[in-house]
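These are the structures in question, set out in turn.
Next, two complexes with chain A in common: one pairs it with chain B, the other with chain C.
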Partner chain A sequence: MNALYSLIAVLVLVAVAILGVQALGLQLFFGGILPYFAFAVFLAGVVFRIQRWARAPVPFRIPTTCGQQYSLPWIKSSYLDNPHTTTGVIGRMLLEILFFRSLFRNTRAGVEPGLKRVVYSPSLWMWIAALAFHWGMAILLFRHLRFFLEPVPQVVSAVIWADGFFQVGVPVFYITTFAFLLGLFYLLLRRLFIPQIRYISLPNDFFPLFLLLGIGTTGFLMRHVVKTDVVGIKEMMQGLVGFHPLVSEGVHYLFYTHIFLVCVLLVYIPFSKIMHMGGVFLSPTRNLANNNRMKRHVNPWNYPVKVHTYPEYEDHFRNKMKEAGIPVEKD
Partner chain B sequence: MFYDAGKIFTGLAIFLVGATFPFWYAMAAGKTAYKPEPVFPTSTSQCVESTEQMIAGHMEILDDWRNEVVRRSDREPIEINGTAYPKSLSRGCGNCHADQTQFCDRCHEYAGVSPYCWECHVEGD
Partner chain C sequence: MATPKPDQMEYYKHDDMWAVDFLPPSTGWMETPVNFRPGSFIYPGKPKHLEYLGIPNPREWEVTADDWKLPDNWREIVLKTLRNRLERSRTLQVFMDVCVRCGACADKCHFFIGGGDPKNMPVLRAELLRSVYRGEFTTAGRLLGNLVGARKLTIDVIKEWFSYFFQCTECRRCSVYCPYGIDTAELTMLGRELLLELGITVNWIIEPVSNCYRTGNHLGILPHGLKDTLEFFAEDIEEITGIAIEPPINKKGAEILFVTPSGDFLADPGTFTCMGYMMLFHELGLDYTWSTYASEGGNFGLFTSAEMMKRLNAKIYAEAKRLGVKWILGGECGHMWRVLHQYMDTMNGPADFLEVPRSPVTGTVFENARSTKMVHITEFTADLIQHGKLKFDPSRNDKLRVTFHDSCNPARGMGLFEEPRQIIKSVCNNFFEMPENTIREQTFCCGGGAGLGTDENMEMRLRGGLPRGNAVKYVQDKFDVNTLACVCAIDRATLQTVCDYWAPGVEVTGVHEMLANALVMKGEQKRTLNLRMEPIGDDE
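== the complex of A and B ==
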């Protein structure tokens, strides 16, 4: 059901774009006005979310400790999985952000038939698919700079060349197209077919998957199946970045669908789990050094407590203490 | 009240500059109004297919021709306005679009594609 609702939502969005362009002729709206709005919401939303996170104090060091803590120099410690220095933390964050190390740890519990006991085995498909999808998308987004930058910089051309390295088909198929779509498809199948995961999957887990699949599919269709005026599209994108939006005649409606879904994604990002792209940097379980016992960490929200020290106490009660025969420090 | 404001807002600033990079680039390069102008042949006015189909799908025609010639040995020439042209990159397309740099390249540079065909094929007629 959750999956179905999300799928229907994305199909409705697709229909909105196609109808808007084909029946109502809203090319300029979809291609020249909505993108500004979506981009503005995206930037403002991300800033808003991050500044709100920046207000949250982190009173304790709460890194997840995935290895031996540093104690005595001759006991081998796990520098990356239980870092106690800033360098270690940076290493850990790089591994997490670039290679999803915590997904790599994913295990699966199962009963081994012959052994009749529970065994834990690595379960790496999700890690592989996530890597393929995220890296695919990163490179694919970078490739899209050819539409936004004029003249196209050498780096972008170099990445495009490397991505089409296998020179299969005309126009060439890019490696990342497949990495992105297949990775995404696996992440969807996983939610649909693994019962435990389907049980905890919400519409807001499925919606971004279908949305991204929609964006990827329209892009794929445009490049390899339907074909459209790419020069015209670049002229429109140049219009956008130069603040003089325009419409090129004869650009296929799939392009408007593509860009409309992207706009929806941009608006959706700040209010959804996709904010993990910023959140991963701010995860206290990853970005704090485990140095609780080496450094004093004062809780930033400690209330300035009024204390009554022992000398003050004695001054206060000296006479009574003497009467009761309690020893005092000062006479 | 912000905690770790220095680090967090530096990161956020990097993100904002990166995300808006195309706008800055456009301002610096000042070429957003530029449109490629391929030089069209003067001898004829008709391409292999209609102009719209050529603009969007010319690479597919080349792919089809290549498959027909190389895989199926079908070198039957195509006919445009009563003239026969060989199904060939350099002798077909090149017959009318003789100067590759004035035609194909102008669009391709703009769109950021660099077909590798001319690594083997010679340009022009």
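== the complex of A and C ==
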């Protein structure tokens, strides 16, 4: 059900774009006005969310330690999984952000009632899919720079060349397109077919998946199926970048659909879980050093509390303490 | 034989316990009501304890009753507290916002593995709270409701929170696997704080808290009682070793203040560990003292609220200052070390009246404790062993075939892995690790942490203890393991039940109990008995 709602929502969006362009002739709106709006919302929203997190205090230093602590000289501490220095923390964060270290630990708990045992086996498909999807998307976005920049910087051309290394098809298929789409597809399938994951999935877990699939598919179709006019698209993109939006004649409606879905995504991001891309940097179980006993962490709102002081305690129990021969402060 | 009751483990048939299908119910989780069956929840906190501690809304109430007698403005109270806690913690804000519901954490929780209830998947446990945050505090949630996983705060939600925030042992295992490090334990703590404002907590937690506030320790041991206990231990030690020990109590000017969980004073097998400390310190001629005021290292405040944690923890530094000691040494305990390692200095420091800990025996300076000035006993002892300061006869432990349980808090809130292992390997000849996905940072909870280790809660304890118990069973079958060593007082109290049920025949022991049995002391008689007064060796 939740998946269906989201799928319908994305299909409606696709229809809106196609109708808008084909029936109402809103090319300029979709290709030249909406992107500014979407980008502005995206930027403002993301900045707002991150600064709100960043301004909130971190009362306690609570790293989740995933390896040996730094203690005695002959015991080797786990520099990255339980870092006690800033460099270690940077290393841990890089591993987490670039290579999804924690997801790499994933195991599956297999309960075997017949044999009365639980077996834990490594389960890396999600890690592989997540890597393929995120890295695929990052490189694919980078490739898109060729539409915005003239002349195309060499590093962009180099990436494009490497990405199409296998030279299959005309125009060539990019490896990252497949990584992105396959990764995405796997993430969708597990949400649909693993009962527990389906149970926890909300419509707004499916929505971004369908949206990205929509973006990916329209992009793929544009390049490989309808083979739309790349020169025209590039003119429009450069128009956007140079703040004089224009409409190139003869650009396929799929292009407008593509752009529209991207705009929706941009607007959606600040209000959604996709903010995990910023939040991961701020997670105190990962971005703090386990140097708790070495360096005092200050809680800005640490307030005095009511305690049972020693004098009160002794007043309570003085006679008993004296009888038992336990030293007291006051006789 | 009398029919067993839900608070006895005999009540639970093994086949039933294994017959869990892990399939979620047909109703969505927001529509599935909680089911309070005997054996799966803990009784409410008694009003006298809440009153003594100044907690609002103390009253008599029943978990299974329809009416929980909430104050009229209960919604306001909860929402106000929630807003306040979010404002003052980036941790909570981020954890509210960034979960992508990937489910990596789902089958990492021992309660889910042992029971299959989807609300015991950490992600869903957290969603119980997040859904209310979205529904009450975010625009999208208010407008779109269920579509974005938002709902309003209702009395049923409060009941659900009570059920599931007291089915989480705050063990942080889920946090290890989460790609964003989301620590569901943090959200459990938040949830418990919110409930506390309504006077909702469990007696198994709040009574120890109130005891600790009044008498200095969870068990309510009075000063003379503590002295009697330690003297009683000394008598046993004398019988076993022929060595007379006089435990120093509230001694001003001692070099070291020693603090350990009070469970070690009262219940076996913790008591044997306590005797172990006494023997070790005596052998070293350590200038140390026990304290009757700071007679508890554990801190059930951690399971209550941040404020309560601070209130109970304050006495440790206060006592160190009053007695004029140089530094503090802490015994074997799990959650105690979470508090000492990650919270104490922040909450009640700086401890600028103490000195950087330095072992008087080896001269080692504990740089890793240079600010907090408190050292873990296994760090201290591992250092002694490394420098050859202790003499052992490991063969005295030859009857033991040992495995080691990493307690959640020292594992995932500190990283204490090698220190206890170094000791164990020095004092016994047969040591075997459990499977690697069940130890170190991946260790499984005993099922009774965070204040859930009471018999009322037997079903959940056994279910939560299944992954740990099953791993013990594995080494029992494979290597004939008969001893489960640990460095935690709650473990010593709860794991015996887990073993009796899931791996019968395995006994729980503290690391310093094993150490003391192997320790060759100056002037001791030939040892024939171990600390449990059982014969050593084969001459039975």
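Keep in mind that, in the parts below, the second predicted complex is superposed on the first by the 296 of 331 C-alpha atoms of A that agree within 3 Å, B and C clash if a C-alpha of one lies under 4 Å from a C-alpha of the other, contacts with A are read in each partner's own complex, and residues count from 1 in each chain.
Following the convention adopted for this analysis, contacts are C-beta pairs under 8 Å (C-beta built on N, C-alpha and C of every residue); 3 or more make two chains touch, one makes a residue touch a chain.
All of these numbers come straight from a predicted model, not from anything done at the bench.
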Contacts of A:Arg108 with chain B and chain C, given as first, second, both or neither: second
Specify the partner with more touching residues on chain A, choosing between chain B and chain C. C
Considering only touches as defined above, state whether A:Pro57 meets chain B (first), chain C (second), both or neither. both
Please indicate which partner A:Ser78 is in contact with in the superposed arrangement: first for chain B, second for chain C, both, or neither. second
Give one of first, second, both or neither to describe whether A:Lys330 is in contact with chain B, with chain C, with both, or with none. neither
Which superposed partner A:Arg146 touches (first chain B, second chain C, both, neither): first
So, does A:Asn292 touch the first partner chain B, the second partner chain C, both, or neither? second
Touch test for A:Leu282: chain B only (first), chain C only (second), both, or neither? both
Just which bits of chain A does chain B share with chain C as contact spots? 53-54, 56-58, 282
For the complex, give me every residue of chain B touching chain A. 1-5, 8-9, 11-12, 15-16, 19-20, 22-23, 25-26, 29, 31-36, 52, 55-57, 59-60, 62-63, 66, 107, 109-116
Hey, which residues of chain C end up touching chain A in the complex? 14, 18-20, 22-24, 28-29, 54, 87-91, 93-95, 97-104, 106-108, 113, 118, 121, 123-124, 127, 140, 147-149, 172, 175-183, 186, 213-216, 222-224, 227-228, 249-252, 292-293, 306-307, 310-311, 314-315, 318-319, 322, 341-343, 345-347, 349-350, 364, 366-372, 374, 379, 382-383, 386, 411-419, 422, 435, 437-438, 440-442, 466-467, 470-471, 473-474
Would you pull the chain A residues touching chain C in the complex into a rising list? 5, 49, 52-54, 56-62, 64-72, 74-78, 81-82, 84, 96, 100, 102-103, 105-109, 111, 113, 116-118, 120, 126, 130, 190, 194-205, 271, 273, 275-276, 279-280, 282-286, 290, 292-299, 301-302, 305-310, 313-314, 316-317, 320-321, 323-327, 329
Okay, in this complex, where on chain A does chain B touch? 42-43, 46-47, 50-51, 53-58, 145-152, 156-157, 160-161, 167, 169-171, 227-232, 234-235, 238-239, 241-242, 244, 250, 252, 278, 281-282, 300
